[in-house]
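Next up, some structures in structure tokens.
In the two assemblies presented below, chain A is common to both, partnered first by chain B and then by chain C.
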Partner chain A sequence: MIYREAGQFKTSYASDQAIFPIAQDRAVVLLALAAAFVGPPLLATEYWLQAILIPLLIYSLAAIGLNLLTGYAGQLSLGTGGFMAVGAYAAFKLTTAFPQVSIVLVFLLSGLVAAGVGLVFGIPSLRIKGFYLAVATLASQFFLVWLFNKVAWFSNYASSGTITAPDRAVLGVTVTGPSATASARYLTALALVTVFALVAKNLVRGRVGRSWMAIRDRDIAAEIIGVRPLRTKLLAFGISSFYCGVAGAELVFLYLGSAETQAFDIGLSFLILFMVIIGGRGSILGSVLGAVFIVLVPIFLTNAPHALGLRLPVALQKQIELMVFGGLIVFFLIVEPRGLARLWQITKEKLRLWPFPH
Partner chain B sequence: MTDLLYLVAVAPFTDMAGSPAFLVEVLLGGVFAGLMYSLVALGFVLIFKASGVFNFAQGVMVLFAALTLVGLLERGVPVVVALALTTAVMVALAFAIERLVLRPLVNQEHIILFMATIGLNFFLEGFGEMVWGANVKRLDIGIPDRSFIVRGVQINQLELTAALTAAVLVTVLALFFQKTRIGRALRAVADDHEAALSIGIPLKTIWVVVWSVAGVVAIVAGVMWGAKSGVQFSLSLIALKALPVLILGGFESVPGAIVGGLIIGVGEKVGEVYWGPLVGGAIENWFAYVLALAFLLARPQGLFGEKIIERV
Partner chain C sequence: MNARTLLTMALAAAVAAGPAVTTALAAGEMFVPLLVYRTGPYAPNGIPLANGFNDYFNLINDRDGGVNGVRIAFEECETQYDTKQGVECYERLKGRSPVLVNPFSTGITYQLIPKAPGDKIVVHSSGYGMTASADGRWFPWVFNFPMTYWSQASAFVKYVAQQEGGTDKLKGKKIVHVYHNSPYGKEANPTLETLARDLGFELTLLAVDHPGQEQKATWLQVRRLNPAWIYVSGWGVMNQVAVKEAAAIGFPMDHVVGNWWTGTEADVVPAGEGAKGYKSMTFHAPGHGFKVHQDIFKHVYDKGKGAAKREDVGEVLYNRSIINAMLDTEAMRLAMTRFGNKPLTGEQLRWGMENLNVTEKRLEELGMKGMLRPLRMTCENHEGNGTAAVQQWDGKKWTIISDWIEPMRDVVRPKLEAAAIEEAKKLGYAMRDCAKEK
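Take a look at the complex of A and B:
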């Protein structure tokens, strides 16, 4: 960065292994986090919170989850939407069956349910690799969505098949359901993302993450040096699905309010995968950046013609949006296949040497 | 419990034995549906073989080809001219894709190219609808959608035509790959990019050729599917139908695409008709995937895929 680490000596192993070894970095991150907790609830409008910030946080969480699996463990998955659906329906069933249980606990439990389902659908990964696996994970996507659609028990026999988030409070503040304010839902989502991002960061820095990366880079070599593929791959599927499950529960409880199975279709899986690829595979920060990009671009594209004073027919605008979105994805892949996280890293390195080019 | 066992393991078979004509009808329906899937899967296989790109946009290419053809026909262009023009458009598309997407991304990882084709998917979807309109169109190429009955079995003329077309197409492609000079070059590229380059096979030309051929296959698939169910956006979703066919048959195998299509088509129809009602129906969305998955667990590279030999 523009500041230097000169004079900051590491005198203990703990300081050597800190996530942010430089004091200024730590300060910036803490300030940014504090700003994120305090700023938007005070300043942002309802529209900003509801339409941009809340989905952004939820998608970030799902993208972190998929990044653990695809970016770190190297298992390409197109079943994210299905696992998110598991989380959402599990949370709905749990909280309607046990209304007195804290909603945060319900989120975690539904994450665990999703993890269990993820483990089952992760079993083929032991035999199948690459695109074969990607297509095989589509089986989970279609099967799970079909299951929730067909079996009325999952939606408590609602005639429309819709699950609706009931009112639930944390520490006396209503955070889910129709009467929860956008600020409360935003803060809940932010707190969960912060905690889980921290957990993910520590996971990938440790033994687990290293074994994932070993499997990703060369699975046979990893097996020879003693990384157990069975455990490692299944663990990746389980933890990734846990994240996706929590994100799915949040999607219904904190963002949509009520949802049908269509909310978790294949499009959602691709959207999350885009976030991971555009943001940067194998980067927690990248997952968040990717989510920012994928959430903001469509909103920008929707509003851009209006801001320019163009009056386009709705259908035409929709088509142009699709074209620009597709074009942008290809463009970004060409410019930096390793994603936004890599661009940020390059910027940091450039700034570190600034004003000297070398 | 025994009731359930009876419903799952006995009743479907007694049904089958009870009315063999109906069973044959179901099987034939499966074969036809399977060949239609194969038509789409074929486009995937061609591109994957020659460039290692998992082309998710194949489904949209089918839609795009059908839209272009219908659009031209609606403007009063004769069928033959319209087909030629559509072919020209698909070749132009192949050139554009090679120049704008593949060439800048050469030597990138497979997943990046895969993602790029999803971007392409969005782009073509928007582009096709912008040029030709988004409403459902009827594609009439003069094949009546009538059925006739042979020895008590109902056969749809359109499906029969589609099946024959698929058979002809596969034969032509097989000959093209085996006998022509450019076909040999394609196989060389599929085997090893670098080795092919080093003996002077122009990779760029090969890619344009293979994407063009995939475009032509997309036209055929588009015509057949369009004649069957109308030209509309949902046509691009048949890509998802073709994926299980693909993993079942193996990504690199043209015969695999056909056999895979047949297995999936027949399996899906039989499963839907005889076992579907047990679980409330509408299982065709995922049944093919589960079927393919079961095969994959036994043979991870698909039925006809090249044996994966792994070294450290």
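Take a look at the complex of A and C:
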């Protein structure tokens, strides 16, 4: 009743090609965005911002990046952690070498560095597919992390190998480093995610995205209709790594403040991959929903017994959390293999018929 | 479709409920968060540490009614020795307005150091953490007494020199450092490198990646090098694997010396007979033969409130943890002599930490006579005047086999001050003038 596009006529190509062709969608998205920009900085506690919302945004960005590669172009990758590490270390080196350069520009440049590395590691994708490609990208994960650990130059010869985010300001407001407020860091992360999500959404709707999907669905057929596999696959690797690189830089600069290579280990690659699978392969919204699921559910499970007044030993609580979380993932994949994005889609379809489903 | 609806609703509930409420603090209490790890690959070491803290705080609360009447409230949060989870714990427990945090992990300490001045929470990394933070002029909020990794490494080299019959005998000797490939494991490297240059021994650094269950390649290299001494900086499951591997290649165990995080019961027992003779550094005595243990048995275990199994009281890491807790409560006590017997603020406790002076007499009153050496802090020196010793595993128990070894402060301190400037510069700190502090 409320969600029905009857009466909304498209009179131009532009309106027909809009990202959200339905007026209600547009309104909801704009309202949600406005709420995200205004609400948390005013209402949320520092714990919410620092421990939940900021990592949520950063993981969303990384998941969008991986979704472009795995969900849209069909190239399974386990190198996400490595590419994020490239972004983080590149940002650290750039901003310590050129402190006067704006940190936003540094993030973008470090994304480009990560894209370059991604291109190199994407080359094997021309010959190997599926699980074998996953193993090949696994090599990049281990190699990159090993490299940053081994070569002290990357951490400016810090004896501990830790990189620390220095204070950097955007438009006079400190957004990174220890003196930046959680709100400032949150808004920076949110702005970056918003812009990049928009770019990704447009990418996948256009020629590039269609050629990715063609390659994903049947590469030989795609080649026959004129999609060049070399360019298309490498482009997917490059752009995906760019996103991951920016997310990696944000992980250190906006969330952790200081980090070592351990923060980018194989566990991170799996985490991002789970976000993509649970959120929904081939969906930008799914990437964000997947990140919400992976970040929030464990925290909820940790706090649930406490909120119910149950005083469990922490070890038991952690083990319960791991078991329930694992169980949820399995349950979830059985009930809805196409991810959270599909659930959202079904909800929307139902809403269109509501309240007269027949 | 029912399952789907259920799922959607469950998800919505989870997201909406999110992180739950925090318990309010009763009046007249001070809150200390405990970032523990009782699960995961570091649990063998995390469990005794966590138990010691629980028992000592329970002892203080039940025997004395708190520190000068101010009870200590504490809550555990599981970090799995993972920095991201550690930071989440810290942020969550910050809601209960703590004034002191013991991160129990060098990685998490690195995360918390930049936050400390803003949050006004004292960071006490007792025998771990960032070595450079021992310069109190640059890092007023961070304390790593009784000793730093660098002092410890220098004490190890001194011990080796003693065993070899003089510092000049070190020339040309091969020493291998097997370390956990993390900020923690790397901490000792600069000091070992400096000393290798100065004293002429050949140092080889061998990294073991997290979590350290796979070390075959490392020990193959050790066998090829055939060093005179091995220094191990391990943690968690890495420790027992290292001890087992050293025994497996037939290396003389009395020439393998762990740092003080690589020498507790859990590290040597799994290696069985092979671990006999293995040594490690320490800064306190092992065993449960001290008066404080009798008090813990009487006031905590006999009431069924003990955190550990009775027979595990007195393990090396358990003792370290009660010493850590004792130093914290002594600092509170000292701060209360100046600021009154009421819950302290972060600033006040910081003053207490900085002026802490644990004398021989005080140790006797605490029931810890002979367990550790007296300790004294100053504004400049946040590592204090701690000394190290070497303990050896005889197959059944740890025994201290060396005298107290004074670290090479003349070598360590200048390096430490230089590193402090470097690290402080990264954080944009200014040096304070200790002459003006009172």
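Operating definition for what follows: the second predicted complex is superposed on the first by the 355 of 358 C-alpha atoms of A that agree within 3 Å, B and C clash if a C-alpha of one lies under 4 Å from a C-alpha of the other, contacts with A are read in each partner's own complex, and residues count from 1 in each chain.
The definition used in the following text is that a contact is a pair of C-beta atoms (placed from the backbone, for glycine too) under 8 Å apart; a residue touches a chain by one contact, two chains touch by 3 or more.
Since the model is a prediction, treat every value here as computed from it, not as a measurement.
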item	value
Fit-or-clash call for chain B and chain C when the two complexes are aligned on chain A	fit
Contacts of A:319 with chain B and chain C, given as first, second, both or neither	both
First, second, both or neither for A:306, with chain B first and chain C second	second
Touched partner set for A:297, first chain B, second chain C, both or neither	second
Contacts of A:170 with chain B and chain C, given as first, second, both or neither	neither
Chain B versus chain C as contact partner of A:270, first or second or both or neither	first
Chain B and chain C, minimum CA distance [Å, superposed model]	5
Shared chain A surface residues [contacts with chain B and with chain C]	315, 318-319
Contact set on chain C toward chain A in their complex	3-4, 7-8, 11, 14-15, 17-21, 36, 38-39, 43, 76-78, 80, 83-84, 87-88, 91-92, 94-95, 106-107, 110-111, 114-115, 117-118, 130-131, 181-183, 186-187, 189-190, 207, 210, 419, 426-428
In the complex with chain A, residue positions of chain B that touch it	54, 100-101, 104-105, 108-112, 114-116, 118-127, 129-130, 134, 240, 243-244, 246-247, 251, 279-280, 282-283, 285-286, 289-290, 292-293, 296-297, 300-302, 308, 310-312
Chain C-facing residues of chain A, complex	45-48, 50-52, 55, 149, 159-162, 164, 166-167, 177-179, 256-260, 262-263, 265, 292-293, 296-297, 299-300, 302-304, 306-307, 313-315, 317-319, 331-332, 335-336, 340, 343, 346-347
Residue ranges of chain A in contact with chain B within the complex	70, 76, 124, 127-132, 134-136, 138-139, 142-143, 145-146, 150, 218, 220-221, 224, 266, 270, 273-274, 277, 281, 315-316, 318-330, 333-334, 337
